[in-house]
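Chain lettering (A, B, C, D and E) follows the sequence in which the chains are written, and residue indices restart at 1 in each chain.
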Amino acid sequence: MTTHTVLKVESLAFERNDAVLFQPVDFELKAGEALQILGVNGSGKTTLFQLLTAILPSSSGQISYREQPLSDCRYEYLSNVLFIGHQSGVKAALTVEENLRWMSPNNTSCEKISAALEVVGLSEYAQIHCANLSAGQKRRVALARLITSQAKLWLLDEPLTSLDKQGVELVERCMNQHLAQGGAILFSSHQDLAQVTTRNYKLEPLMEVA
Amino acid sequence: MTTHTVLKVESLAFERNDAVLFQPVDFELKAGEALQILGVNGSGKTTLFQLLTAILPSSSGQISYREQPLSDCRYEYLSNVLFIGHQSGVKAALTVEENLRWMSPNNTSCEKISAALEVVGLSEYAQIHCANLSAGQKRRVALARLITSQAKLWLLDEPLTSLDKQGVELVERCMNQHLAQGGAILFSSHQDLAQVTTRNYKLEPLMEVA
Amino acid sequence: MNFNLQWTWFHRLGSPRWFYQQTQRWLPWLAVATLALLVTGLVWGLAIAPPDAKQGNSFRIIYLHVPASVVALAGYYIMAISGAVGLIWRIKLSFMLMRSAAPIGAALTFIALVTGAIWGKPTWGTYWVWDARITSMLILLFLYFGVIALRHTYSNNEAADKAGAVLSLVGMVNVPIIYKSVDWWQTLHQPATIKFTGAPSMHPDMFAPLVVMIIGFYSFYSLALILFARAEILRREYRASWVKQLVSNQPAEK
Amino acid sequence: MANNLSGGFKAYLYRDILIAQRDRGDLSKPLMFFLLVAVMVPLAIAPEANKLSAIAPGLIWILALLATLLSIERLFSEDYADGSLEQLLISPNLLMMPILGKITAHWLVIGLPLTLLSPVIAIWFSLPISAMVPMMLSLALGTAVLSLIGAVGAALTLPRQGGVLLALLVMPLYMPVLIFGSATIQAAVDGLNWLAPLAMLAALLAVAIVLCPLAISAGLRIAKNG
Amino acid sequence: MANNLSGGFKAYLYRDILIAQRDRGDLSKPLMFFLLVAVMVPLAIAPEANKLSAIAPGLIWILALLATLLSIERLFSEDYADGSLEQLLISPNLLMMPILGKITAHWLVIGLPLTLLSPVIAIWFSLPISAMVPMMLSLALGTAVLSLIGAVGAALTLPRQGGVLLALLVMPLYMPVLIFGSATIQAAVDGLNWLAPLAMLAALLAVAIVLCPLAISAGLRIAKNG
């Protein structure tokens, strides 16, 4: 059995100020699989990603990574996760190249960095400070991590915002390549992907219980 | 002739640090018309909007509003413009309602404000601080201005980012209504609109001249 | 089984509902005890105890000043420790106690400062002097203010609680350091020109009412803490069914 | 938005005060801040009363200056980050009135509380009672100048919102305020004529009200051009 | 990213120094800031030399404290706004090392320059030469404690990045540093034993290095939840 379960979420719930956000979440993500989280604005997709990266503590339920509860394999799990959120973590004061170097694993070679910049179409901007980039270009800097990272599990919160059509295609190509190599992807997006086969999971708002 | 020209742009160019950004821009926008600005990431759409709102000074070319050069009718022009940019101008410390009241014309009635919040689906959030909203909800607060504003000319820089599908439909409906009332819309988006008839204008990068 | 027992006990102790219902029963007794102690202490101290040989009657402010100072200091530790308990065992109730302790402690510190300043005028001829103990008391007031102010920074109650707990713990480590350093600073710069009259050298007739007042202040502190915490519980748990029931069971009139 | 008679003055005044109050929970924090800094001085400097009262006039002014510096940085930087500065720039009215509204809000939140609180600090530092009125008058006028000048610096350093850089820019401009401000108090303490330095502060304020908004609106437009 | 032996210490140290240098154009600005404030003091306070030298030990320390306060606010707030704090929080390593790296960078940019520059200020204020070495030692140790404690406040006030609120939180905690710091210089000026207060500063530093990173990492996690 090569396609083992990478991530398993069982009746995960989250409360803020004693208000429960969404109906308990249950899903399973296997290697080589992409799962798209759907849900209207404010349904809790971003919150779910923060639960999955342990930035926020969950109120109940269980997250397991390769059949182990997260608390038992925190180091191993986080070493294998690549998370790109709404804010992309690009530092305005650094140049494009410095940013990518900083955000990539330590042993990333210079060639790999420039190759990644080539792919996202920013080679000419390598020495430009990120403060001077357009919205889509900033997003591309963050997405260049898809190429330099060695993580097996990608958690992408709306990776497609601000990207033009070529940019969307580019991300789709990266995703397909990652899946082909046995990686797993959990992502949220309000757009449908044309070229990537994905399963869906819909976050449902909680019905008011009387 | 009821469909007069609202905005006319003639061979508009912009230089930053002596580098010209895009090929000279020429277009005309009539009342009741929507024009979509296309262009890859970094082609200069946002910059163009800043030229059109006189936030940035243009290097050459001319912008005219109702057949008058912009410099001659600055007050009248800006009073009739609604601009929503990448950053939506929503203040995190204020509540949704306070934000909308603040961003709407002075004489906006309370009913209109709550009706607008109803339309964008934020009635329940009226008293919530905007810092606690999701990305799409913040965007919706800004877009509620489409309903309260009385401006004839809308300049929308990527209004659809972060919105879910209902949100996109909502914006499309607002746009159609505005057009039907004789308004004009200039907007940029990487997505194609399904329900609004638009013309396109493509920003072309400047060829290197030898 | 033993383990289970332990946990139900723990759970009950941490339950705001249990606390609310228990304190309902204690409250009248505590209120009566507080009142009795304070009245006894005040009458004894202000009317019966002999006047001081040197200071005359102005010394009687001691019966407010010393208890307020003592309880204000202890209150900081009570606040910080309940914060720590909340952080470690994730008990909501102890966060509520921490939150309630801050304004009470600040008020007592303020009383200590004001009564001290009033006392200072007849004894030292000035309202304020940069004495070690006085200065560190002033800083304690600001530490309390910091804890109170911090909670407005967070919209999420849980985060506000935890942040407040971390700050009061950092402050708890610092209170002795501040006290020592201010003390030290004084002795370093100038010979102490003013000395507190040492407590043990007090006449028993003056000392006994002071002890009554100190116990009375502690009792008052507990009473205030419980009342504040009960209000806090209702505010936070307004969604819980038992609170709704409680509210609907109240007679509508009055 | 900003279409009323006062051209946006009142709108921005109210909004900024509301935000200040929301952000800090309540408006009493600046007061505590002043008290706290005032406490620090005797701790750092040996607290004999006569030594303290000798340096008190200068210290109160340094305090006012620092409180302004610490808070003025955010005058435009938040508006810049969230896009409301863009909206301000494209409002059809002149920029003056909204800018003055924002600065007035800043003064009401920082300068005015300091002025009202200064008697407490004065007692702490054993300043004579006769110096109270001149001190409060000079603070009321001077802190307004500090807010105006600080706002120019805040506008000019905008894209980088640089704490230290901002301090570096405005501090030289603060010198006259500092000098005339502490001179007013010192003159009152010494029983001299304190109306002259106070008049100078009033003159500085008049000049600043006229010139600073010009510099600020220019600065804001330049900052967007970045 | 942050996978090397030192667990991110060096990576964050280098990055933050680089950003500080980019943001301010160069690293000499903090130095100018100190000089400028030092110039202002004689302007506000009558500049008789004996008066100045009497308050100099305290003033140098107040200066150090304010420089830290002005700059520490941005330690985490930019990372919070642009999302890199999230990335820090999900790094598999402990938070300690990156945090200590960031604080060290802050000290290298603020505390160290002030220490190196202090002799100039000391001469300005006619402090005796014999006080130089104790002054510099106390500043080197003390500013590090100020950065550490300030970082706790910066972490706890993150969601609102509140200038005045931050000051309110950390200033009481700064008192011991201020007292022992100025006591070291004063003792040296008076020809007394200055090793004792200096040792206290060293002890404070040791305590702060152990405890502050704990409080900071707790604070950062809480802030994300806020």
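Quick notes on this one:
As a convention for this text, a contact is a pair of C-beta atoms (placed from the backbone, for glycine too) under 8 Å apart; a residue touches a chain by one contact, two chains touch by 3 or more.
The structure displayed is predicted, hence computed values, not measured ones.
Comparing the contact residues of subunit D and subunit E by number shows a mostly shared set, over half of all numbers used being common to the two copies.
Using the mean of the Cα atoms as each chain's centre, the chain most removed from subunit B is C. Rotation angle relating subunit A to subunit B: 180°, from a CA superposition, given to the nearest 5. By number of C-beta pairs in contact, A-E leads over the other of A-C and A-E. Centroids built from CA atoms put subunit D at 37 Å from subunit C. Distance between subunit B and subunit C, defined via averaged C-alpha coordinates, is recorded as 57 Å. With centres set at the average Cα position, the gap from subunit A to subunit B is 30 Å.
Computed from the mean C-alpha positions, the centre of subunit D lies at a distance of 25 Å from the centre of subunit E.
Residue numbers of subunit D whose C-beta contacts span two or more other chains: 23-24, 29, 32, 36, 43, 46, 81. Each of residues 139, 142, 145, 149, 153, 155-156, 158, 182, 185, 189 in subunit C touches at least two other chains.
Residues of subunit B in contact with two or more other chains: 86, 129, 131. The touching residues of subunit B, when paired with subunit C in their complex, are 129, 131-132. Interface residues of subunit C facing subunit B in the complex, by the touch rule stated above, are 155. Interface of subunit A with subunit E (complex): residues 50, 53-57, 74-79, 81, 83, 85-94, 98, 102-106, 129.
Subunit B contributes residues 39-42, 44-46, 86, 121, 133-137, 139-140, 158, 161-168, 190-191 to its touches with subunit A in the complex. Against subunit B, in their complex, subunit D makes its touches with residues 1-4, 11, 15, 18-19, 22-23, 78, 81-84, 86-87, 89-93, 221, 224-225.
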